[in-house]
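Comments concern the structure below.
To keep things simple, chains are lettered A, B and C as they appear, and every chain counts its residues starting from 1.
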Amino acid sequence: MQKKELLKVNNLKQYFPIKGGFLGRTVNNVKAVDDVSFEIYEGETLSVVGESGCGKSTTGRAILRLDEPTEGAIEFDGTDLLSLSKSEMRKKRKDLQVIFQDPYASLNPRQTVGKILIEAMEIQNVVPRKQRRQRAIEILETVGLNGGQIDRYPHEFSGGQRQRIGIARALSVDPKLIICDEAVSALDVSVQAQVLNLLKKLQKELNLTFFFIAHDLGVVRHISDRIIVMYLGKVVEIADKKSLFDNPQHPYTKALLSAIPVPDPEIKKERIILTGDVPSPIDPPAGCRFHTRCPFATELCKTDVPELRNLDHMQEGHSAACHHMEKIMAGELQPV
Amino acid sequence: MSEEIILDIKDLKTSFELDDFEVKAVDGVSFKLPKGKTIGIVGESGSGKSITALSILRLLEKPGRIKGGEINFKGEDLTKMSDKRIRDIRGNEISMIFQEPMTSLNPVYTVGQQIRETLKVHQGLGKESGTKKGVELLKLVGIPSPEQRINQYPHELSGGMRQRVMIAMALACNPDLLIADEPTTALDVTIQAQILELINDLQKDLGMSVLMITHDMGVVAETCDYVAVMYGGKVVEYQDVKSLFKNPKHPYTVGLLNSIPRHDIDVEELEPIKGNVPNASEMPKGCRFAPRCPFATDLCVEELPTLDEQSDGGEVRCWIYTDRWNGDPEVKVNAKERTT
Amino acid sequence: MFQFIVRRLIQLIPVLLGVTILVFSLMHLSPGNPAHIIAGENAPASTVEQIENRLGLNDPIITQYFRFVKDAALLDFGNSWRTSLPVSSELWPKFWVTFELSIYSTIFSIFLGLFAGIISAVRQYSFADISIMLVALFGLSMPNFWLGLMLMQWFSIQLGWLPPTGWGTPQQIILPVITLGTMGAAVIARMTRSSMLDVISQDYIRTARAKGLKEKVVIYRHALKNALIPVVTVVGLQFGSLLAGSVLTESVFAINGMGKLIVDRILARDFPVVQASVLIIAVVFVFVNLIVDISYKFLNKRIKLD
């Protein structure tokens, strides 16, 4: 089956200027996202993982045009999003919804849940006016809340329930793509599992596409079809879920995977402990950005920026940006 | 258990008393920590795990108050000692590190000033010898170029570095017990791995006992020897770490394990616990977990079970394991088999 | 640090120029010809013209402005229209009196305000806290001339402990300083309280306690230094308003200070004196704020020094 590209991001750059000096000149840039390209297929969940400062949330914001990207192209369902005017973009947001980490901060505390959902439908003018309340009740039930709670206020719900309201609001305009920005990170494990299951169920039923931004690789493994690993504004590896977890290629991905504690004391795995911290995105290291922490780094890594490459031993659609994948694979290069 | 017990908490009760009602955040918590070992206190938000930790050093903020129970540390009851005596213990025999390294250090003093302070209070070290010891401590916790770092302010350090400074400060007086309250929750995973390894190594080298407060079952599995699972202000299960993961007994522990999306294996469907984490001000009167428990009977709803020792040495607070159980006699509370 | 101070000094230039323009316009926008005022109502036209020439009142306004700025920079504010004495010789002694009064009042408000604010915060909702906040509310809402009169009534007239008027001896200083400083103390107390309450709930205070420090050390070393950051700003603003607002206090206690001088000379339309006074107050205000900013740096290490 031919997969349809729903969103295509090309060479996206998002620099945030740092003002300084006397007259507030731009003295430098935070290179939050630096030349990132990928596509999202209809009906799939594509996740971005990485540690703080890797640019994953910035990428999400750029797609929604919450920040204006510095460079690059974002094509959504055949339209170039960056060429749209403000009002055209507002209309496009009907198809592009977002769920944030803290739903409470994004829900108006003075509006009832029903009002919140109806307002969302009103802005995008979906669903005839008279049916909106009925539709709101249906959506609440879809996300596992009681339709009878429609006239309650956000503070009357628990964290997990509020995240369901956030999901309901996103669903109310019948979107094509939902960007989930750390949508389950703040929830307790037992409730997080409920919300993850709900998202999976909704995807199946409504043929939704998710762009899932997260730092928890367990969550990502559970929900994704494909995964992007980012480090300091760059994509270091992109692969379908199975390839990424079974056959990670980039040293950073490997370190990231090995760093996560496994909830099973019987498993004693070998751990790659990275030294040092993530460098500042203001003056990222030249060459491969990971070279300052990489156990395999050579002189080449300090000067040349590695491209994303797909090699013979990797599945189709799996590529990683490392100069030395082959040598590491063959055991010719040993960690220092 | 024949080992020497360094910390023995008995029926600890800590409440927050507001004008007309009382929130029982910790409601009869008991557990023992053998010397040189690590115990994990695990639970979700509102389980009372952090309040338990703060109660040990009596660091509760008003209107929080220890209402009852004992906290025996090396034979002394911490709840009953004078303010002066507990101050002598804080940062000296028992140290604590916290969740937010970004805000846990005072922004207006250098790293060195903050470490020296502890050394001065407990060991009477002056500026010069304090700085020397401070540099040694920073080296011990793996901070590069400690001679420079010691003169820096907290905002000049990354989150991981700050947590190392916190640990250095905590270790300044060679404590017998280190309380770590979600020490890695605010950190990235690669940094978390560094910090957990550091705590483990230091524990081995210095023979400390560690009380690890966390919500992350992965952290528990990797760092702890014993685990107390808390729910609704009570310990619902206490086991050694291997038994807990292999043979969890309480339905809540099982639910928690079944809820975790694993990064190392595929899990087809997560089995969440239904319902929501209860609010500390409106606890159910019977078993705290009864409203969310798939096995709950009317007995569970009406009456609170006790934390009972089992034949295999573990402890569990659940009617299923008692003679009075009136539900399905064949009931099996098992975590889903998950192996790679 | 040095660089920072230099940069702040350079940034002061436009502010000070703005002030001079305002002060200069004061004279030129106000109705009436200065020469008429100096010469008196019935002076002959020739005298008026002579005065106009002497003061350069017929020069282009720009020239007059630059002359004003140049002279002011050399602390030459011309002669008083009323007494014909050089303005500076009239002004300085009075300025120092007011300056002293303001300094003492500021010190008084800082000490009283901090002390009260800290006690209030540390014992939040206690009897002490509630009483302090009530008194502070009084201090804020009480007009200071009334407070001055009341103090005078009790301490000078009924008890006879302190002299009711004048300035110079330690006994004379006490009542005016309390009068002028009370409002500042109240403001600082309230500010300190809320700032301290905010700081006391911070994680690093818990860390300090967990280290085994005495509560006193926790409060005075760890909390206070952080809590002072917003308080310092208030102190700076307070000082400026004290300097300008000492008029009433000076009147009540018959102190021969600048406040009194300004009022007298406004009524007499003696503009050079008024101009000079306003200019000096503005300059002091600006510099006090510079000092505030610098002390801010010492307190708040998170502000970068570049």
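Convention: a residue touches a chain if its C-beta (ideal position, glycine included) is under 8 Å from a C-beta of that chain, and two chains touch if they have at least 3 such contacts.
On a predicted model such as this, the values are computed, not experimentally measured, just so you know.
Novice: Go through the assembly and pull out the chains touching chain A as well as chain B.
Specialist: Correct list: empty, since no chain touches both.
Novice: Taking each chain's centre as the mean of its CA atoms, which one is farthest from the centre of chain A?
Specialist: With centres defined by C-alpha atoms, farthest from chain A sits C.
Novice: When all chain pairs are ranked by how many C-beta pairs they have in contact, which pair ranks first?
Specialist: Among the chain pairs, A-B has the highest number of C-beta contacts.
Novice: Taking each chain's centre as the mean of its CA atoms, how far is chain A from chain B in angstrom?
Specialist: Centre separation, chain A to chain B: 31 Å.
Novice: Just give me the whole-number Å value for how far the CA centre of chain A lies from that of chain C.
Specialist: Centres of chain A and chain C (C-alpha means) sit 55 Å apart.
Novice: Based only on mean CA positions, could you tell me how far chain B sits from chain C in angstrom?
Specialist: A distance of 54 Å separates the two centres.
Novice: Counting only residues that touch at least 2 other chains, which ones in chain B make the list?
Specialist: Residue numbers touching two or more other chains: none in chain B.
Novice: Give the list of chain B residues in touch with chain A in this complex.
Specialist: Residues of chain B touching chain A: 44-45, 158, 160-161, 188-194, 196-197, 215-223, 241-242, 245-246, 255-264, 266-267, 269-274, 276-277, 279, 292, 338, 340.
Novice: Which stretch or stretches of chain B touch chain C in the complex?
Specialist: Chain B residues touching chain C: 57, 59, 61, 87-92, 95-96, 98, 100, 103-109, 117-118, 121-122, 153, 155, 166, 169.
Novice: Which residues of chain A touch chain B in their complex?
Specialist: Spelled out, the residues of chain A in touch with chain B are 51-52, 158-161, 188-194, 196-197, 215-223, 245, 255-267, 269, 271, 273-275, 277-278.
Novice: Using the touch definition up top, name the residues of chain C that touch chain B in the complex.
Specialist: Those in contact with chain B are residues 201-204, 206-214, 222, 225-226, 299-302.
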